[in-house]
Each structure stands twice: as C-alpha cells, then as structure tokens.
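The two complexes that follow have chain A in common; it is paired with chain B in the first and with chain C in the second.
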Partner chain A sequence: MADADTLTRGPSGAGDRQSSLSRLLNKDSTSKWLLISPLLLFLAAFMLYPTLYSLYMSFTDYIMRGAPNFVGLDNYRYLLDDPVFWEALGRTLFVLVACIVIELCLGLAIALLLNRDFWGQDLIKGLCFVPLLISPLAMSLMWNYMLHIQFGVVNDMLQAIGLPAVGWFSTTGLAIWSIVFISVWQWLPFSIFVLLAGLRSLPRDQFEAAQVDGLSAWRVFFLLQLPMLAPLIIIIVLLRTMWLMRLFDPLYGTTRGGLNTELLDWMIYRTAFVDFDIGLGTAYAMFALYLTLIGCLLMYKRLMRMMKG
Partner chain B sequence: MRCTQYFAVSATVLALSLPAFADDFTLDDVPDISNREAIHVALEAGGGADLIIPFLEKFAEKTGIEVTHESMVFATLYSKQIVELQGGTGAYDLVVTETSWTNEWEDYLVPMEELAEKFDPAGAGGFREYISGHDPGILRMASTRGGNLVGVPYYTYTMINIFREDVLNDAGEQAAFKARYNYDLAVPTTRQQLRDVAEFFTRDAGATLKGETLEEPIYGISLMAGRFPHVQDEVTALLWGEGGRWARAVRDGSGKVTGFAVTEEDMAKLESAFSFYRDLMRFAPPGTENAFWDFATAQFVEGNTMMIPLMYAPLWNWSTDVKNNAKGGRAAAAPVVGERPYTGAFHFAPSRDSGNAEAGYWLLKYIGAKSTQQEMAETGWASARRDSLMAARKEGDDAAYKNFGWINSTVAQWDKQAPDVDDYLHFNSRAFGKLYEQMTIIAHENATGTKTPAESVEAWKRALKRFQNRYDDAKLIDG
Partner chain C sequence: MRAVLFWFAIALMLFAFLFPVFWVYLTSLKQPEDIFGAGLIFEPTFYNYRYLVEVRPSLNELLNSMIVSVASTIIVMAVSVPAAYSFARFNTGNGHLLFITISTRMFPGVVAAIPFFIAFRELNLLDTHFGLTMLYVYFNMSFATFLLYGFFREIPTSLENAAMLDGYNRIDVLRKVIFPLIKPGVAITTMFCLIWSWNEFLYAFLFTRRIARTASVGLSTFWGSVEIQWGPMAAFMGIAILPTLVAAWLMQRHIVRGLTFGAVKG
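Moving on to the complex of A and B:
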C-alpha cells in the first residue's frame, strides 16, 4: 500500500518541484540574477578581490620581504606630502585634458569631412584605423626613432625645408607634448569613428527643416549636430579619461619619465615594481583609482541624464 | 685586521701567485651530472650578450642537460628576476646578477663554495684555485659584504675613455690647443683637462677639424644624460675619481658592516661632480638629455663627437667603426679621469630555489673558465676574467685591436679600484637595487636642469635615508 502511495505521489511531487523551479526561473527578478551570476563570479574573482586586496595592501608596509605589517594611513600621509606624486598627478591631468581636447576637436573635424561620399572613402577610412591596430609599446619605440633629433625622419624633413631640427624628446617642456602627440596619434581614430557613426545616425528631417529655414552651416553645426552628438562626446571623454589616467606605454619607449614626463602610472610602476614598495605603490594606485572613479561617475550621471532627456 | 680586508688581501695574493698553477677548466672536465632536469637561465638581451648562447648550447650538447634561456633588457632584468627569487618560484636555475645587486640578493643565492663542496670532486679548495684567475676586485663585488662569493663573473662593463686618437695626435690641433690653453693636448687625466678638450672640439659648421672644413657642427664629448641607468654611473665615476662617495660603509672591529655614513666632505664632492657634469652638457650634442649608451656611441661612431669620456668597455668594439665614417678616424682607449669609474660585472649566480643546482654549478664553472672566457672574447665579448684578458693578443691584426683594445685601460682601473670596493655603497648595501634607480633619477634631473646640483644632493640624501633604512638592516648613520 505504501509502495502504491509512493508510486502515485512520486511523479506528482516531482512535477510540483519542477513547476516551482520553473516558476522561480521564469520570475524576472530571479532569472536575471541567475543569468548574470557567472559574470558576477568572474568579476568578484578577478576584479573585486584584487581591488580589495590592493586596498588592504595600501595600508601595509609590504616590500616583498617578510609579512606585510599594518601601518594605518602612513602611506596615504606620505603620498599627500610627496611633491613627486603631485607633480606626476598634475602632469597626468595635463596630458589627459590636452589629449581629450585635441582628439575631440580633430576627431570631430575629420568625422565631418568623412561624413560625405567621395572617391576612395573606404581606403581613407581603412587607413585611419591603422594606428589603433598597432601595439602601443611598439608605437612609442617607432615614434622615438621617427622623432629623434639626429636620426629621425621628421627632423630630416624639417631640415629639408630649411627648418631647424627639434629635440622632441630631449627638450624639457616639449617632451611632454611629444607624449601627448603619440597618444593622440594612436587614439584619434577612436574619436573619429565614434563621432562619424554618430553623424551618420542623426535624423535627417531636422536638417532638412534647417535647410528650408536657411540656417548657415555653422548654425546647423552648433545648434543641431553638436548637441545631438553630446552623449557620444561624453562617452569618448569618459573612456579616454579612464585610459589616460593609466597612460604608460608612450613613456616606456621614449623618455622613461625623464625630462619632466613622469606620469602617475609610471610612478606607480616604479614604486611597486622597481622599488618593490608594494604598500606605497598600491596607495598611489588606489588614490588614482578614487580620482578616476569620481570623475567617471560624474560623467556617467550626466550621460544618463542626457540619454533620458 | 678586518675580515673583509683579509679577504681582499688574500684574494690579491691568490690572484698574483696562483694563475701560473691554476689549471684551466674545459667542457671535457665536466663530469656526468646525476640530476637530469633541464635548467633555465636568465640573460641580458641584445648586443654582445647574445654571444653567450652558443656556449649554453655546447654545454647542453656535452652534458645532455637541456638548457633554456630567457633574455631580458637591462631595464627589466632586476625587477623580473627579483620577483621570481623573492617568490621562491625556482623559475631560474641561474640568474644574472649585477655586482651591485649581490648583497640584496644574498638570501636567494647559494655561495659557490657550498656548491663546490656538494658537487665538485675538487671541493671548495679546487674551486678557489679555479677562481684565482679572476680579478680580486671584481670577485669582491660578486661577493656579499660578509665575504661569500655568490656567483662567477663573466661579463664586465667597466667604464673607459674612448677618444679619437687621430684628432688628438693631429699636429695642427695640438698647436691650436696649446695656443689656447697653454698646455699640450693629450688624453685628459683631470677634470679641467677634460673640460678643456670638450670645449676645444665643440665647433660650428664651417670651422675646421684636422685642417678640413666641417659641413656639420661637431661636439667635444658624448654623454648619456637620459633617464636610463647610465647617467648615475657617469656621475659616480666623477665622484669616485675625486675620492668622494655616495655614502661610506661603516664597519665594526670584526669587519662587519654596521651602517653607512654620509660626510659633509663627500656631499661637497658629490655637488661638485653634479656641477661638473652640468658644465659638460654644453659640449655634448643635441639629444644628449634623453641619451643612453646607444646614442652616445653612435655620435662618436658617426664622427659627431671626439670623445666618450665615460663609456662602458663593451662599447669599444662598436666605437672602432669610426674609421668607416670619419676620414682617418681611429679610436683609442684610456682610463677615465680619476681612474675610478663605475666598475661592474654580470655574474651568473645559482638560485637557492633551483631544481638542478648541480647542472647550474657545472654550467657556471664552464662559462667562467679561462679558456671559455678567452674563446668568448675572440667574438667581441667583454670578459670579466683577468687571466683571459691578460692572455689576449692586444696587438697585431685588426681583430685584436677591435676585440681587445679596451683591455689595458680596464685592467689598470681594476687595480686602482680594488682597495676601494669594501668602502663603496654600491657593493655593500642591501638596498642598492633600489638606490640605483634613485641615483638615475637624481643624476638625470641634475643634468637636464630640473634640479640644481645643491638640490640634487639634498634629493640624494633624502632618498638614501628612506631606502637604506627601509631595505637594509645596516642603516644610515646620521651625522
């Protein structure tokens, strides 16, 4: 009798369980978490844990020898009093602003030029992509030789037209601009193609109306195109801010931080992986992370507001 | 007498008396190696450093032990290896150690005599005899401050003065120099003479050199003022040449290093060295502010500069190519001003975490042997083994000039330098791998005018205090 009961209840109990599992899976609030849980686990293991561990390290005096000792805010106090750190941060912000302004202005101008049909456009657009495909380190080495004061092709060309050779990487004050140039050269295509995609997707009717109203090209640009591209511009600024805060490669192949070109990421590398002062190095890195996060959060909020608007 | 002095004296006696008795060690003397595990060796990448690879292959062929290697540029050599050593990964069976890293890496390396006792039928005594052909000063640098030899030197980069012999010997130039400076033009032996020579040969296009009109400007000297690990070696040579020190090792009665002292006199000499270097920058070609050895040597080889007053000996070979670019050009070598340049050597050192210390020991012994070093020197290698260098034919054909023209100046400087090694911060501090980078930054900022010489000295004192006290148990002694 008992067996019969089991036999009769069994399938029905499994069916209940199945239906409750299926209900759970079909529930929107549960399924979305289930679906993103592999990604969350991945992020926790490879991003959250290292970040928290770095945060912990920044409160220690670890020098890759013995056990790390907790030193409270000592590393942050040292950082705040360290003029070398503030100089590196100042230079990083300068490079960041210079690169973004140049890339946006040039990128927009070139995107406007490319936003029309002309013979050979595919080839031109293809060539514009090339800098993005080159390894940043290889490119810094390449520019180091091309801009070399004595052996560089750029100075050869300058001298051929009667201009003096320029010490692009050997003149204090100019060297930092050469670093800016390398970064702009590599990342300008990113701005060009994001903005070009934006220009191509703008609605035509408003521009036709503007044409009927007789608006000049400048007014069309400032009153229609630019405001409509604003979200894309913010995305470019957001991403470039994150990337430029950790600019490293152009220094590796050129000045190695000399001639007043040491940027924050180079300083972090030097402190953590040459001096092996892991505590102080992670404090620098965490400070840079806080700054980047604050800046990017503000921009992200603005972007979200614009998207909603 | 202090134990380190005992070591230096006994090593000198050994070096002077034993070479005649020291049997050469060849590949045929390597016995069967019981541990068959492959070994992995770190190498400095590029240039002459690649010349060592065929010798690793010969060892593998003879012993049947696979030898793999990993080449790294000098800038990453220190950081990559120290991470593996500190992590105890056993990634490298033999590491490349710069003589100024020896003390810092002591905990991760095995003393050579310990390995000899373990693996070599000749024991530690036999090993001492084998090593006696090396220079005692270089051996001291490859030893810890406690006297343990932790590697075998195989490649030196002692600084020498490389100059245009044809220009200095030109009668017209000699007469013009004497008329201007009131003494004979010769290879400089004092700072003032170096400055005068540098100034004298800095000329605009349109001026003459050896009676011929110059189409391009020329410069008196090549320097390496970029933020690379060379500018501080140049300043070091200027400082040591005047008897100054970055800091002095202080020892107790038993010879043990108890700390490091910075004296006012030393700091005055350091400031003077910084000032002199800045002054010299006026006579170096444009681009020197971001230059390293490559640029400095290329300037000389192209005939743009007349002298590289502080250049590593391995660059001699390339420098002799000036004959191809300058009419009548001929390079010659001499000791640097002060005769106490930065004297370093790479030595292979056995890692404590090696999985096959036995094969590592025999490979090391083979690479550091007299005949091996001699054979390597014939291919342009800057051997660090004294008896190999002394046996090299220094005159005769062009190959002898090109491969061995640097030797006499180098060995002469080793002799002058040896008594000072016990005193130098470089070869006694366990913080030196870190201090080296600080020296580079400070010397570069001085050279490019970012800091004044006085500010550079203050920056050095701060860096020394921070790093020496943090990374070494022998602290900086205030006062």
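Moving on to the complex of A and C:
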C-alpha cells in the first residue's frame, strides 16, 4: 500500500485545488475506511443491534407488553425439553437434506443433458430461468391451487393417465414432501446452471484422451469430471442451506405450518408474532442462528480450502 | 432414437418449469364457476382483472412495492458500491469484514424481525414505507456488496495506478476509469436488488398493514378466513410477476453469477 500512497501524492500539483474530502480520498489508508463507513454504519445498526437485542431478550420473559423480566436460562431450558422445537428442527433438516440431494442429482442429470450444442439452446435455457426469479409466495400459492385434491390440475393429469388422485396437502406424511417439491421446483434451475457452468469450464481434451485410452463415458464422468465439480457442489450446498433455513413463503402459501410441516422459521414466527412470547421466540431464533452460522462457516472454510487447492 | 429421447427430456423439463406460470395466466381468465375444474376449455373473461380495479382496488399495493423496491435499491447501491470498491481495491478488514457482511445473509429472516419489530413499534415505523425500505436495505446490502466486490476485483489495479500517475485524483479515477468498467456489474446488482425487494414477503407481511402494504402481502389477502379467491388472486399474481418474468429474460446470462455472489460465471 505504501508505494500506492506515494504514487497518489505525486501528480502535477493538482493537490492545491483539492477539497479536504478529495484529499482524504486520495490517500489509500483513509479512503478505504471512508468508502466503507456507510456499510459499517448499516451493519452496526442492522446486524449488531438485532443480534445483541435478541440475545438479551432470550434471557427474559417479554410478551410485547409490560417490562421484560430477567429469567436467566429458563427459555433455553424449556427449549431443550420442548418436543415441538426438536420436531421443527428435525423437519427443517429433513427438508434441507431432501431438497439439496434432489436438486443436486436432478440438476447434475439435466446439466449433463444440456452440456452440448443443440437447436434453440439459448431460448430453452432462458426459459428455464423463470422459476428462479418469480415471487416464491406467488408460486407457492399457485402450487397450492394446482395441487388441490379436488380441482387441482395435477390430479386431473394424474387421473388422465389412469393414476389415482393424491391428497398433496391433505395427507399428513405427504404435505412435507409437497413443500420440498415446491422448493425444488423453484431452485432446480440454480443447480442446473451452476453445474452446467462448471461442466463447460472443464478442459475437454483431457476427457477425450481418457476416452481414447478406453475409459467409458461413465467412468470418465465419475472418476474425472465429478471430482472437478466438487467446489461448485459445495457452493450449491452452502447457498441452499442459507436459503432453506429461512424457508417461509412456501409454508405460508400452502399448509401454514399444519399437517406436520412446521419448520424452524415458521415456529419462531408463530411463537413471537402469534403467541407474542418474545423471550422464547428469541431463544429459538438464537439457537437457529448459531446452528446456521456454524454450519455455513464450516462449509465456507471447506470451500476456501478447495478453491485454493 | 437418442435425439427423440433428448428432445423428450427437454420438453418435459420446459413443461415442468413453465406450466405453473402458464396456469397463472390461464386461471386469471376464468370465471368464478370455471375455477374449480374447468381445465383448458372455458370461455375467457376479464372478470378477475375488473375485480382488481372495481371491487378490490389493488393499484396501491403495486405502487407501494415499487416505491419500496426502488428506494431501497438506490440506498443499497449508494452504500454498497463504495464499500465493494474498498473491499476489492484495498482488501479492507483482511477478509473478516467481508465474511461478517455476507453472514447477515445467513440470518434466518425472523431472527432479525423480532428486534426490528419492537424497535419499529417504539419509533412508529410500523406500516411505513420508510421502515420497510430500511429493512430491505438490510436485506439486500450484504448481497449487493459481495456481488459488486466480484465485479470490482476483475478491474486491474494497474489501470488505476496509471490514471493516478497521469494526475487524476481518486474521484476522477472513480468517475472516468472505474465507473465505465463497473457499469454492467452495477446494472445486474441493481436488477437483483429490485427483484428481491419486489418478491420479499416475510418482512412486508410482518411490518406493513394497510398504508405501506406491498403486492406480496396483497396477494396473501386473497386467502380469506372463509375461502380463497383463486380467480382474482391469479389475476393479481399475473400482474405482480410480470416484471420478474421480463427481468428473468433480460438477465438470464447473469442470474447464475448473481445468485452465487459472483463465484460462478454462468
């Protein structure tokens, strides 16, 4: 940085006319903090405050009115013995694993399918991006309509090919799978195109050489290509974990937490904003936060190692 | 034979991805009695769209969504562009600050919602455009910074140093050298911020009631205590998702890059 500093001080005597702000900006050591200060301000207000406040509230019995009383670890003690909480956590992890596994497998299959030149490829790929940007709430509501047991078009289609109608959102064991389905529908293109970008960037001649050497296309894929995609797979897992931990819209648009589909975020919402139990709600929230942060940090570290290696 | 299978798979995939969108618009043209099981054959009507104008005025909600999305995106960009430049050019905070920034994206949404709700109640910011705008700034800020960071990092520092040697000061360098090169990145980031604010539901649902109610929240009101008004809901959906459909088409080449915070170039 030092030589950059001397560089900036050098030029053509323009310094005399500069305002003090401009002078501050010209020095690397001051400008880097000056430019970042608005972000730091916002981070302090929007990250530090809620985290510390939640932490404090989780030790109280605040119920949105009156004064909060300090109750120590009571909320956390309650949480550890609360079957509803552990069920919601288990379900969240189930949805997490189910979505990511399905998205990775299907995504890889489709990426391999698309990894060639074909007629109209730009148009077809462009259309596949649609689910990614559409409002998740709107699409959840639409799927709720389309999967309706009586007048849903999906059941109409099933019956047209001779299959029985399915109660997607009225069967207890199935409802959670319907939520997984909606989430996969929305995010599958993400996996497809990340993996496709990965496949495209792999060196081709190496695989052709391997095939000439007598390795089958499948062996080439599993032995050579798949390991090279590992960093991308970790990116997908990391980002999807972050997004799936905050899955809320598909629940609001469909079961609203009924039929054994209550996930962690929904449960925190219900505790804090329906039952107004802020103390317990923040205790759940802090728990969820640490869980996500630890999980993501581990993956982030892993990713950084792989990117370097 | 392989070609037939290939095109069959492609057709199946397109059908799966696009059918719900098609069904939104189809349903929006159905009369109330056709909603429950008329399938593809029915007499189209603009009844549902008229309903959104005459019975349940909905323009206000779309307007609110627009105000909050645009305002928050402007603030986000004003904060994130200089910050991302600082991260990329000077490695400010040695990577730790960057990770802290990105970690706000890992917060489950409701975690932050509780303290904000209590604070907003004290500050009389519930159900205001300003309050929701601030929440969306928080919601998009870290993402925008990270994405822009990726774009800034691609600009060689030698370019800047050369300009500085030529007697440019920092502001000139930013304006004349950096900005033309970063414009595409800024455009993509802006689009993402706009769309995510437009689509956001949880905060809008918790923090607005009547005055600042956005389109997402408006959408949820068609699910009443007695019945779900599928027809008008589909019509409203059709209008509300239109900008995102257009955006998806315009941005297709950049979506993967945006969603992976610049790590993967699609």
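Assume the second predicted complex is superposed on the first by the 268 of 309 C-alpha atoms of A that agree within 3 Å, B and C clash if a C-alpha of one lies under 4 Å from a C-alpha of the other, contacts with A are read in each partner's own complex, and residues count from 1 in each chain.
Note that in this section a residue touches a chain if its C-beta (ideal position, glycine included) is under 8 Å from a C-beta of that chain, and two chains touch if they have at least 3 such contacts.
Bear in mind that the values here come from a model prediction, so they are computed numbers and not experimental data.
A.B. asks: Once the structures are superposed on A, label A:F273 by its partner contacts, choosing first (chain B), second (chain C), both or neither.
C.D. replies: both
A.B. asks: Which partner reaches more residues of chain A, chain B or chain C?
C.D. replies: In the superposed model, C touches more residues of chain A.
A.B. asks: Could you say whether A:Q150 touches chain B, chain C, both of them, or neither, answering first, second, both or neither?
C.D. replies: Both partners, chain B and chain C.
A.B. asks: In the overlay, answer first, second, both or neither for which of chain B and chain C A:A165 touches.
C.D. replies: Touch partner of A:A165: chain B, not chain C.
A.B. asks: Go through the superposed model and pick first if A:L229 touches only chain B, second if only chain C, both, or neither.
C.D. replies: neither
A.B. asks: State whether A:R65 touches chain B only (first), chain C only (second), both chains, or neither.
C.D. replies: Only chain B; A:R65 stays clear of chain C.
A.B. asks: Between chain B (first) and chain C (second), which, if any, makes contact with A:G258: first, second, both or neither?
C.D. replies: first
A.B. asks: Taking the superposition on A as described, I'd like to know which of chain B and chain C A:A111 touches: first, second, both or neither.
C.D. replies: In the superposed model, A:A111 contacts neither chain B nor chain C.
A.B. asks: Across the two complexes, find the residues of chain A that touch chain B and also touch chain C.
C.D. replies: On chain A, the residues that contact chain B in one structure and chain C in the other are 64, 150-151, 273.
A.B. asks: Mind listing the chain A positions that touch chain C in their complex?
C.D. replies: Residues of chain A touching chain C: 1, 4, 7-8, 10-12, 14, 18, 22, 25-26, 28, 31-33, 35-36, 38-40, 42-43, 46-47, 49-50, 53-54, 57, 64, 110, 113, 118, 124-139, 141-143, 145-146, 150-151, 153, 156, 185, 188-190, 193-194, 196-198, 232, 235, 239, 242, 245-246, 248-249, 252-253, 264-265, 268-269, 272-273, 278, 281-282, 285-286, 288-289, 292-293, 296, 300.
A.B. asks: Which part of chain A faces chain B closely enough to touch in the complex?
C.D. replies: 63-65, 148-151, 165, 167, 169-172, 175, 254-260, 270, 273-277
A.B. asks: Taking the touch rule as given, give the residues of chain B at its contact with chain A in the complex, in rising order.
C.D. replies: 75, 78-79, 82-83, 86, 226-228, 285-291, 295, 298-299, 304, 434, 437, 441, 444, 448-450, 467, 470-471
A.B. asks: Using the touch rule from the top, collect the residues of chain C that touch chain A in their complex.
C.D. replies: Residues in contact with chain A: 6, 9-10, 13-14, 16-18, 20-21, 23-24, 27, 35-37, 39, 78-80, 82-83, 85-87, 89-90, 92-93, 97, 99-101, 103-119, 134, 137-138, 141, 145, 161, 164-171, 195, 198-199, 201-202, 205-206, 216, 219-220, 223, 228, 230, 233-234, 237, 240-241, 244-245, 247-249, 251-252, 255-256, 259-261, 263-266.
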